[in-house]
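I've put the structures underneath this note.
Paired with chain B in one complex and with chain C in the other, chain A is shared by the two complexes that follow.
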Partner chain A sequence: MTTSCVELLERETGAFVAVDLHRELKVADVVLAERSWSSKRADLMAALLKENVPRAQWPQSLHWDWRAKAPDLKLLEARGFGIHAESGSQGLMLTKNTRHVTRLKDDAGKPLVYVDFLETAPWNWSSEPLKVRGRFGRIGSLLFREAVLHSRDEGFHGRVGLHALPQSEAFYEGHFGLTRIGPDASKQGLVYLEFTRKQAEQFLKEGGG
Partner chain B sequence: MKSADSKLLRYLPGAGSTAETRSVPVATSGLGASLYAAKRKDLSKTAVIRQALRRYQLIDARTALGEKLIFEDDKLQKKAEVMVL
Partner chain C sequence: MKPAKKQTGPSRDWLQRQAEAEEKYSSMSVGGLVSDLGMLKPPQEVEISAKTVLARLVELARRSRGMSRQDLAQSAEVGLDDVASIEQCEDRELEPRTVHKLALVLKLPESPLMELAGLVHCHGERLGAAAVRFAALSRCADLSKEEQRALREFVKTLSELSTGE
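Up next, the complex of A and B:
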């Protein structure tokens, strides 16, 4: 497994903490991560119910289960990325690099890395209604950067595509500057966004995230 | 593909970045096709072969699960099932 050291921001202290970034997660790694996350998901759901928080304000990936996504890692087109600290897995990303092509005009039809799923550990989620602050920040940024680098390494020139949950649209569009293509009827109406070759080059030039 | 239904995936070896170099005899026409694809898709020849292998595995896994591969043309209102043997 190829691994390197990256830094996460610990929100409480404002300190940067060195953690491992893995680029070739196996099925077992992802299953293990979900085992530790699922009890936290249940705790969070119980707290949201107790506080009568409207469903619209619940984290939209609360129902995800990475154990169901993990077998895809057996496919040659799939790649699993993860950030791991001593306290366990802090974030996961699953990418595919074969079945999706660029939709934007300039590079239409050319291959890209598709971010199938990206999620941070439930204890890193901030919730305004519950007045909780997630422990680590920067996880989404670091994982997205890996998707861009993976695309470059595959010869796809940094092109990346993804469908964003409504709560994440602003993150991808506003923070990274992905181009919004629009709602996709074939994917439950989720908004599809793309990072072009030019955007990727600029993103990496500026340090990436 | 619904992962939970993909029992076949259990038997696949899985992906990895460890690379080995192999020489494989390919007909001139096959080389020509890969060169054409490389140019059209803005890829290296190696990337074209890698993509071909990934696509082959994906189609093989899905058809082995009983799924069909279909080509559809909205403009011509045409739909054809591709027979994968």
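Up next, the complex of A and C:
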């Protein structure tokens, strides 16, 4: 498994914590991660119910279960990425690198890396209504960066496509500057966004690479 | 896949900006809404099989001794394909002799190893729980301190099981 060391930011202490970034997760890795995440999901749900937090403000990936997606890692086109600290898995990403092509005019029809799923561990979520601050920061950014690097290494020039959950659209569009293609009827109306070759080059030039 | 280009880490400045952005946006999840994913249904449980645990144990024990697969196969006088098959978790029947020889060379207790290989059943739940813990902590990359500890603890449990403690 290809692994490297990355630093997360522990929000409470402001300390940099060295963790492992794994690039070839196996089915068992993802199953084990979800095993530890699922009890935290349940705790969070209980807290949200107790505080009468409206459903619209619940994290939209709260009910996810990576065990349902894990078997995809047996597919040749799939690649699993994960950030792992001593305390357990901190974030997971599943990408696919065939069957997906860019929908933007400039590069229309060219292959890209599609981010099928990306999520950080539930204890890293900050929740305004519950007034909790997630433990580690940078996980989503480092995983997205891996998708861009993976695309570059595959010869796709950093092109990445993804369907963001509504609560995450601003992160990918506003922060990383992905191009918004629009709601996709084939994917529950989720907004589809793409990172173009030019955007990826700029992203990597600005320090992401 | 094309050979990976040399990857340099992101700059501190970039990392700082990401940390700030993640504070601001809070959600980064990509995927689908639960209703369409069948994720509310009980997922198909993907079991951590005994062979997965055996694969990791043999691989980590071999690497902790600085041995290649070939070294191990030669020392244990077993086929290289047997070693590869175990480490790659292939669904293949193992000969008790192969497991016995590997246990000797890797200095692992034989009977729990036989159980992980599916050749006997005697330690039940205690071995199962220890195996899941080990699988959760062990990875297949370089042997980190965490992996070394996981390996040590698991081998200790296996030894206790084999001596009936």
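Assume the second predicted complex is superposed on the first by the 208 of 209 C-alpha atoms of A that agree within 3 Å, B and C clash if a C-alpha of one lies under 4 Å from a C-alpha of the other, contacts with A are read in each partner's own complex, and residues count from 1 in each chain.
To be clear about the criterion, a contact is a pair of C-beta atoms (placed from the backbone, for glycine too) under 8 Å apart; a residue touches a chain by one contact, two chains touch by 3 or more.
Owing to the predicted nature of the structure, the values given are computational and were not obtained by experimental measurement.
Following the overlay on chain A, a side-by-side fit with no clash is recorded for the pair chain B and chain C. In the superposition on chain A, A:132 contacts neither chain B nor chain C. In the overlay built on the shared chain, the residue A:120 is in contact with chain C alone; chain B does not reach it. Within the superposed three-chain model, A:15 lies out of touch with both chain B and chain C [touch as defined at top].
Once the two complexes are laid over each other on the shared chain, residue contacts for A:60 go to chain C alone; chain B is not touched.
In the superposition on chain A, A:42 makes contact with neither chain B nor chain C. Comparing chain C and chain B on the residues of chain A they touch gives the larger count to C.
When the two complexes are overlaid on their common chain A, residue A:167 makes contact with chain C while staying clear of chain B. After superposing the two complexes on chain A, the shortest C-alpha to C-alpha distance between chain B and chain C comes to 5 Å. Overlap of the chain B and chain C interfaces on chain A comprises residues 2, 26-27, 68, 70-71, 154-155. Remark: chain C residues 1-5, 7-11, 13-15, 18-19, 21-40, 43-46, 48, 52, 132, 135-136, 139-142, 144, 146 touch chain A in the complex.
For chain B in complex with chain A, the touching residues are 1, 3-4, 6, 9-10, 12-17, 40-44, 46-47, 50-51, 53-55, 57-58, 61. Against chain C, in their complex, chain A makes its touches with residues 1-4, 6-7, 9, 11, 20, 22, 26-29, 31-32, 35-36, 59-61, 63-65, 67-68, 70-71, 84, 86, 88, 93, 115-120, 125-128, 134, 137-145, 149, 152-155, 162-165, 167-168, 170-172, 174-175, 187-188, 190, 206-209. If you check the complex, the residues on chain A that touch chain B are 2, 23-24, 26-27, 68-79, 97-99, 107, 109-111, 154-157.
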